[in-house]
């Protein structure tokens, strides 16, 4: 985050970079809040589209999705335009996630034929990575409402990691199972399944019926039993240290 | 607990506060024991009312519940009357729990019509918070039978936390599931389910069939995999330290 | 173990105590090995009697059980006779376990009518405590084959604790379930169930069908999630320390 | 690994030993890579043979298996020939694993009649030990692509241990269950089962139906709940230490 702390002269490029990275000035804060809110809506739209809805609402959701994707496309282009080293910015993991999150929606808009021919289900599942966009907001301790402590930031990141793991696993599981598994009709079913599986409870009321669903489960379990205890032990250690 | 160690003069307010907080004088001890015993009965009544019982016994249990709630109402009012700072006392978590524990019962007595119209099931589930009242008895190390060690008090608190988590989860799960789930007919079924789920065993012989039951399960699991290992690791650490 | 290191004079009482506690002289070692072997057979007989066997073999097993119980009764009486402080010996946890382990068998022999009237199933389940007798052999580091290291002795005790927990849980679960649960026909079924439950795997292929079976399961799980990780963390810490 | 760093004179024995143990010279590296690749194929063949395949492909796989086993037999003989102390080499755990991995295949080739009479299923299950051969490649930190750090080598060994545990458990479970259990038709089914069981999730969609399958499960669970947390805690500790 070694950014120039103030825009100099009429350099638009610096100005763009400044406001996209800044969380202190009113405009920088406003941009931050709008982007966070749009991302929340973007994720909610993804979840909502898995539920049976009246056709009218589905059209509204789709328009909302395309609109938000357009805003994020503009954001992506502006970040690239404003970056000091553009090649580095393209390779930046946050930028890669930004692109992946909007690409499936854009593909369907720009190339509807190709997208229909290609596996729509796979495109759907890729869209779940948009939840990863939230990481950008935990990059530093300055939030719109003020600066939070280091401990709280770390706890927030860990909580986000667990939520992202649950969300991405549920999204992938939903994608590969919902067509053939009568027990997995909505994202909610998949989320319940993933919480039960990754907490190692494993009731068995919902089980994968496809080979892809089994692989998603195996990968999620292996990720979960490494990531969750590791992160949880960190949080617990921090709590314990704070109590002393 | 920076209370005045002795009641001075004829100040009733001080006297009331003194005896409700004191565990050393015979009267203070007696009040403490009676309240603890009444709370135990209050919890047992909650559990017993989930079992199929003859109508006569149900009436007895209901009268017992109303009677105990009346005693606790008097206690609540006296605590408020005796408090140095009454606004602070109202906001005190222990006082909030005290009120929540008796409110559902009082509502049914005072406003039977409204309570019937309102969701009785929800009122029922709120009544499970009465188990939280036990925390007040672990506030300090002085018990009616004597003073216990710091370690024992901490272990007792932790054990109580685990029991409260199991009890509240079972109460909520029972509330939302027992109407539609043939496997959850009594509080005992729900308690068995919660122990099997929160220990991450997860046999799957009892599973939630309602969306609400699933959310209760997800919330309990997430609470359990954070709270139980955290508390257990504390107990284990204490035991290990004591062995050295 | 502050025993007199050598028998003095013709004092039979000292002699008895000496040989029952000693693991170094050939006679002391022989007594130790015989008692350990008899206890192993005693446990195996308990397990074997849960399997469907030809009537002839059942009679042999029963006679074996009575014979070993008689030997252990003699051992118990001799220990009491040889003890410096007999009241203390009666209250000794090892002696209590010794008595509990043989009492059910003796009751059936001495009072066949009463035992039949009393709940035989309950007597059966109490017999599983005979596995606790093995603890006496881990009292000190001197074994018939030589002295083992402190670490090895501790590891052995921990392993024994886990095995005893599994064995006693399986024995209790078998006792309360085998009459009504078609999935629990032998001790082996109950042992598999207990390993699956206490490891928190919980497949759900075998589940308790009785209320007693559920309580045994809940108690075993709660014991297991406290005892096993605690013991395992101890072993792991020892291994880790040894690696340094 | 106290090997002579360079072959002297025309001593074939030293030369053989040198190239089989060396990872630095081009020839040593080439031998290492070929053996690793052959072992990968050897394991893949074991897995592939559990799937329903056209007869032609089955013949190809069988020839591949015999061919690779022949190469490994040559390697085994050369290692023995080149060893300074041949008796020690025979007892070397790596050499024992090498022999066990190829013995079942060789037995079927050399003594087809005996192998058919003997339990082919058992021979099949023994073949899974070939996955243990990979341990030899983690003996030191010199890989064909360069030297890796101590931490990375340890992490690699631990990952391999977990994979070997899963793989061997799946292989044994497949061997004992696939004949009678309609849910365990391929190695993939057994692998999914083992991941679900050893992570303690335990859905119960696949459960052992044979007594042997239950014992494999019990043994794998007990191995897993000791080995996996132990190894995982090591990895986590290393990661945590590295972060400091």
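First chain written, first letter: the chains are A, B, C and D, and each begins at residue 1.
The rule is simple: a residue touches a chain if its C-beta (ideal position, glycine included) is under 8 Å from a C-beta of that chain, and two chains touch if they have at least 3 such contacts.
In this text the structure is predicted, and so the values were computed from the model without any measurement.
Of the two chain pairs examined here, A-D and A-C, the one linked by more C-beta pairs in contact is A-D. The centroid of the Cα atoms in subunit A and the matching centroid in subunit C are 56 Å apart.
With centres taken as mean Cα positions, subunit D sits 39 Å from subunit A.
Subunit B has residues 200-204 in contact with two or more other chains.
In terms of which chains touch, the assembly is arranged so that all chains touch all other chains.
Every residue of subunit B that touches subunit D in the complex is listed here, in rising order: 200-204.
Chain contact summary for the complex, subunit C toward subunit D: residues 188, 191-192, 195-196, 199-205, 228, 232, 235-236, 239-240.
Remark: subunit C residues 197, 200-204, 207, 211, 214, 217-218, 221-222, 225-226, 229-230, 233-234 touch subunit B in the complex.
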